[in-house]
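In order of appearance the chains are A, B, C, D and E, and numbering begins at 1 in each one.
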Amino acid sequence: MAGSGTAHLRGDKALLSVQDLVVEYPGKAGVVQAVSKVSFDVLPGETLGIVGESGCGKSTTGRAVLRLDRVTAGRISFAGERLEQADERRMRTLRRDMQMIFQDPVASLNPRRTVKDIVVEGLAVAGVPVDERKSASAAVLAKVGLNGDRFDDMLPRQLSGGQAQRVAIARALAVGPRLLVCDEPVSALDVSVQAQILNLIEDLKAQYDLTVVFIAHDLGVVRSISDNVMVMYLGKVCEFGDTVQLYDNPAHPYTRALLDSVPLTDPAKGFAGPALEGDVPSPLSPPQGCRFRTRCPLAQDRCATEEPQVREVRPGQHAACHFPLPPTT
Amino acid sequence: MSAQPVLQVRNLRAHIGTPRGVVRAVDGVSLDVDHAQAVGVVGESGSGKSVMARAIMGLMPPRSGRSGEVVFQGRDILSLSRKEKADVWGKQIAMVFQDPGRSLNPVVRVERQLTEGMRRLLGIGRSEARGRALDLLREVGVPDPERRLRNYPHELSGGMRQRVMIAIALACEPELLIADEPTTALDVTVQRQILDLLRRVQRERGMSLILISHDLAVVAGRTDRVAVMYAGRLAEVGATRQVFDAPRHRYTRALLEATPTLDHKRHTPLRLIPGSLPDPTRLPEGCRFAARCSYADDDCRDLGPQLASVGPDHHVACANPAEGPTTPEKLASGGDPVGR
Amino acid sequence: GTNPDASTDSTPAGDPVAGGTARIIQISEPRHLDPAAMGNSWAINSFLGNALYGTLMTNDTKTGVVQFQMAKSFTTSDGGATFELKLRSGLTFSDGSPLDAEAVKFNWDRARDPKTGSSSLQEASMVASTKVVDATTLKVTMVEPVPSYAQAVLTTTMNWIASPKALKAGNQRFDRNPVGAGPFTLKQWTRQDTIELAKNPDYWDAPKPYLDRITLRSTQDSTQRINTLISGGADVAIDTNWQTLDKARDAGLQTDTMSLNGGQYLALNARRAPFNDVRARKAVAAALDIRAVDDAIYNGTGKIADTLFTKSSPFYSETKLTKQDKKTAQKLFDELAAEGKPVSFTFTSFPAPESKGTAESVQAQLSAFKNVDVKVDFVDISKATELYTTNDFDMVISSALFTDPEPRLWTVFHGDSQVNRSGLDDNELNQALEAGRTATKQQERKAAYEAVQKRLVELVPAIFLGRAAPSAVTAKNVHGVRQYGQGSLLPEELWMQK
Amino acid sequence: MVFPVAKRIGRSLLVVLLVTMGVVGLLSLAPGSVASVILGENATPKAVAALNAELGFDRPLWQQYTDWLTGAVQGDLGDSPVTGQSVSAAIAERLPVTLQLAVMAFVIALAVSILLAVASAARPGSPVDRGINAVSSVFLSVPAFIAGPLLIYFCALKLGWFPVTGWARISEGIGPNLQAAMLPAIAIALTEIASFHRLLRTDLIGTLREDFVGAAKAKGMSATYVMFRHALRPSSFSLITLAGINLGRLIGGTVIVESLFSLPGLGQLLASSITARDVITVQGVVAFIAVVYVGVNTAVDLSYRMIDPRVKKAARA
Amino acid sequence: MTHSDAVVDRKVSSRVAPAAAEPIVSRPRTSRSILVPLSYAWLITVIASALLADLLPLASYATPVGPPRQPPQWGSLDLMLGTDNLGRSILSRCVYGARVSLVVGTAAGLVGATIGAILGMLGGYFGKRPDSVVRLVADAMLAFPPLILLLALASILTPSVRTLLVGLTLLIIPSFIRLARANTLAWSAREFVLAARNMGAGHRRILVKEILPNVLPPLGAYLPIVMAALIVAEGSLSFLGMGIPPPQPSWGGLISDGKDSIADSPHTVFIPSLVIFLTVFALNQAGDHLRHRFDRTMHD
């Protein structure tokens, strides 16, 4: 895996199209290439899931797309507009079309501002008058199921995780976005609340015709919500394709390993397949060639020398691997 | 087996005083753990799993109180003197915490963290402790253990740290290991490794294990029995297979349904559990799940069911339990199931 | 104590014993050991100066009669227009070079030079020229006749003669190795810490000094000085504070306080408003209760300077310098205010506790009167020069301390004097001062000073407060306390019982 | 590795430059001049001006400064126009006193405040904690110039344990030396104890809530062991930062205590030099103090790495 | 698991074993005991009497009311706390002294905190060059011996409350810079700042609306300590002869004036010391309480 390439892009139809995105963080210990030549696109109305282990660059990708992080290289087009070239002022306007929901529902809310302030932050920035904001806040809170004014004066710490995440979603919705980037919006939540939020996102998506990029590490969650999935490993794309197809017949050994590591609720089965050895290598000095080769059960000499490019291994399924797995069914 | 259970928790209550009121985090929990048995405890965040584990370990926050009994190998360890406690905790019962990054002291080398317990509790010398530490690290699958001993926690990856935590817990060869969400902070692939490791050492050493998790799936394949906790009480206890195959408590069932699994059909809504956990300072009188349960009746709200047997090694605290695969004994709602 | 007039507690202790190290606490240390940079008054560096350079002359603290030490005589044949200084023969500096008339000339000429910055510039400048007659004789010509000039010499640093050669080597060298002919020589000086002195084996007045060694420390705070002594951390403390002296006596220490005429006074600047009007000066004088000032700063333990001379002085007269009269005071304040000349002035004070206390006491007392307003302004010592050269003050605290009124009284109150703080130039007063200076008969002098006092009461250029307390506090086993001049303590006389 | 070190040194030099320039600027605004101080009360303005010119103080300020700087860079801080002593020698003479005072005060303050903080953090809100907090409030509200005399009164006069005033160099024996330094060191330490205690207490309470503390207890370690071996070190960051700042500041700031106890330290030198308008000495001493301050704080930064190995990682390479 | 567990677990429900007692839990005190109201009472008394001093039936603080160094005594209001070295009423001087001490504490504290907070926040938020400059300024101010600053200021400007304020303010600025900077660094790394940027908020809005409210509480918590230190420091300046000009009283000045008679008339020192202590203590108590009360994030 851990490959580059743009073979899986679907051209002009995409609402958001990212090509060869590179994000680097210079640190005292050296430069971390958190995202390394990642390409993907999202069609209008579609949900793209991004999965991968911690530190593989999912959040960084999400933030870079919204230009919340510095973009070292690459092209990001949103509705035909090149974001990486837009200036700050243009970005401010564009941001209202692209919203983000963050991983930790409580951390993404200012602990010292009340719910009603937080929700209309975007409108306040845009200069919407106070009374309009008031009604807007009530409306948008109702949309996410926080009816009544009970929550208006609460502080984030007084909310449960699920409620906090709803407030975050309400804040994003308030400005009427077209694209919603959800960065692990449910990983800090309980299953019961998680289900509520996932259902809510599905509902809103249908209702407001949203396009969603859904980042998560829980494969079950991603499967339930997305049309397409991108699997990332150490800043690179492993596999990209239709969700069902990819889950049923992973072509990349890493996708396979991820699926095999998901604990099953069936006490008889435990896990679906063998465990993956070792840890994720340091992003400071990623392996040459295919970045997954150090843990890959199928790695060969070629993997160490030649970086695999994303290619279509099956119709609608792209993988960056020299030795893709055959379909199991 | 006629042997006494290793651990008998009897009607354990652990309440914590907060400015807003008393949090009844654990409110009458009874649980047995047999020798060489792995017991899972599952429940949503805030259901009291950690407080229970900490109450057993004697790690209660300030301004808190406990009652009930925790009988470990025949002794009630809640009423031990300070000296005797040191004999039990650490040596006989050990614990692994949720976040391996935060439960290792960041400024102390792995070696000391691993050996200080051994040296103090077993009274062995430095070099012997070091030798044992190396063995332990090998046992938990840490490569290059000599180097790791000299490392600080931050120099290890998350999985490594959790392995070290497990090695520390195993250091004095405890009878019972309590693992409080040992993999929640880890990635799937690493979680997999740690879960396999725990199960292996538990089996190899013939140790008892309490595995706490909010993830039903984590507990499912790795325990012999499982206890489902809700708002400080047990909702359902039973052999893991039974509980997962035929959950009887409405809550257990709802939890399982709300979990998106790999075979969930996409874009179909998940089954919801309406509402949220009750405020722990103002718990309802009767069944604590009643407010969220579509099967609840007035009895549920007023009386609250007790844990009652619904099959061999399967107990449910529910007045209107779900149908099981085999016909369960019909239970009178609210009454004493055994009639004693 | 050798001075019968001094209030003394020391009991006669038999014959002096030689040997021992005395630990002495002084008030402050000099910037340099150059005599010009020191001051010959108990509160400054007199002990150190006496130790390093010896004395030319001393005086009897009661009568003011001059006693000759390294000088054999200091005589005038023309009523003070010229003097002849005769030195003992065979005096040598500690480096072996002779202390002769040439050396005295060098030192005295140097003190007259404004560039030297001598603290005795005023007195030294009364000399017009000096001439070496022979090795032991120096002829001194005065600017104008000053018959009792010896008093000026012995109360200033002119009394200390340092080796010209050593002085010429520059301050830094000199501070490391000051060369004088005093009873002690410098061993080591660690600034703001200790000054170690050792006996000068070649001192002219053998068997003096009695002590082998002296360790000098400096502490500004008088309570701490006495506390150190009480705790046994020192043997002798130089002190100026009536209250701590009282405490020292309570603690069983011996105190020797020399009595000096005159005292601390408030100088009223008569050059400008409001004190250019005699009524304003009179009003303030009448308003103040001098006792209360003493109460404030010395807890009532001090002596009040209600007359110019102490009872034991041959010049004593009963003329009271001030008398409190609140009614008159208020009447005058009102009167001045009505004329549009309200008495509103600034007391310029130094930060020292006594000065500060006085200023505040004056302010507090006057605050009880109407139509008078006092501000207190603190200036640090570095501003003193500017203050006195520009005379930019209304009221300052100053002192006029003397055994013989000459020359001090003249310099304080004569219209021609550079250091006449009040700036009052009154013919009658000037004449009386001239008379006191030039008269040769005691009777005439007494009459002249009687006139001075009368005039001072009439004109109030100064309000006298309390007497000074030039004191030495000593542990029980220390004897031989002898002072001269302005309370200058003589180190060669000190001895310690074993 | 070279780069950060060079940067650090550069910054330190800048700090010292700024500070000395500030001093020169400030003192130049103050009335009076060193010449008028040297010449005393009887000086004439002409003599003062002449002496000032002789000493070179009539030149433009920047010129005086650059001259001084040129010398200072070569290690020559000049000679004091007032005492004639070389400034470096004057500093060298005072430094042992100030250094010993500051260090002793810090050792005392750290030892006492750590014990107090441990005692109060063990049971926040308990009577012990409240009592200690009240005591620390007392320490905060008693200025050194009152604490000093009180200490002298009780410990020196009544008990006779320590000398009232004065200094004993180490060469006079370690016993007398420590005796002389003890009371002033305590007088300085009191306020430090109060602020250290507050800071450490808060941090300790925070650390005691951490999982690793629970983990250590779960291992069977005693409360005292956990407190001192596990909790104290990671709680000491802010303490060390504050201690660094305060220690740096004490090097020039013990003047009150020095004058109360008549100690020949840098503070007294500084104070008397300011009063004497001895710019050369002031500048030298201030430059020296700034260097020490910068040095101490660099040491503090380095000590972070000793306390917390994570810092080392972040700063490496 | 064995059969035994069936037996055991049957005994399990709380109703079966009602004998088990409820654990005894002490709730943390919500109010900080009686000390808090007392502290407020004290602060209000001090502030009110400072403001209304002129209306109180008090003797002038400048004029003696009796013999010096009278011990505290009943009967006359003016002599209630005794008299000072000049026979002035200590009660009156304490009341009027509160003006200077409180003004010094509050004004220097607030101004210093404001300037320090602004600089620190700018440095912490923008990083890089602005941060280096801010750190340089803070370091230089800290490395500057405080004594020099005060002595120099005292000689340049004549000693007065204003001079004092300038000097003391300069002294406390760097601590606040450091504190504000450290907190800003921590808070600006938080996700909600990113969220605000995502909403299109500019730097100014983020600083004011997002970061400032979070940086204020730690600064506020530090402020009472600084105010206490300032009140005490003003006394030290009086001791060094750089205090405010007489006859205006200040608490620190009172202590400094009384220090020479500490052995004979200890009340001249202890009464003002006690006043300072009570105020310092009350400030701390009130500070803690306010933080608990108004910093809603501190709850639970």
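FYI, a residue touches a chain if its C-beta (ideal position, glycine included) is under 8 Å from a C-beta of that chain, and two chains touch if they have at least 3 such contacts.
In this text the structure is predicted, and so the values were computed from the model without any measurement.
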Each chain counted as touching subunit B and subunit E at once: A, D
Chain pair with the higher count of C-beta pairs in contact (D-E, A-E): D-E
Inter-chain centre distance, subunit B versus subunit D - centres from mean C-alpha coordinates, in Å: 53
Intercentroid distance (Cα basis), subunit C paired with subunit B, Å: 90
Rounded Å distance between subunit C and subunit E, as computed from the means of their C-alpha atoms: 49
Chain centre separation in whole Å, for subunit B relative to subunit A (CA means): 32
Multi-chain contact residues (two or more partners), subunit B: none
Of all residues in subunit E, the ones touching two or more other chains: 28, 155, 240, 263, 299-300
Subunit C: positions in contact with at least two other chains: 223, 380, 382-383
For the subunit A and subunit B complex, residues of the former touching the latter: 53-54, 160-162, 190-196, 198-199, 202, 217-221, 223-227, 243-244, 247, 257-271, 275-276, 279-280
Residue ranges of subunit B in contact with subunit A within the complex: 44-45, 157-160, 187-193, 195-196, 214-218, 220-222, 240-241, 244-245, 254-256, 258-262, 264-273, 276-277
List of subunit E residues in touch with subunit D within their complex: 28-29, 132, 135-136, 139-140, 142-149, 151-153, 155-156, 175, 225, 228-229, 231-233, 235-236, 239-240, 252, 255-256, 259, 262-263, 269, 273, 276-277, 279-281, 284
Complex interface listing, subunit A residues touching subunit E: 63, 66, 68, 91-93, 95-96, 99-100, 102-104, 107-113, 121-122, 125-126, 155, 157-158, 168, 171, 175
In the complex, subunit D residues that touch subunit C: 31-33, 36-45, 47-48, 50-51, 79, 82-85, 90, 93-94, 149, 152-153, 156-157, 160, 163-167, 259-264, 268-269, 272, 275-277
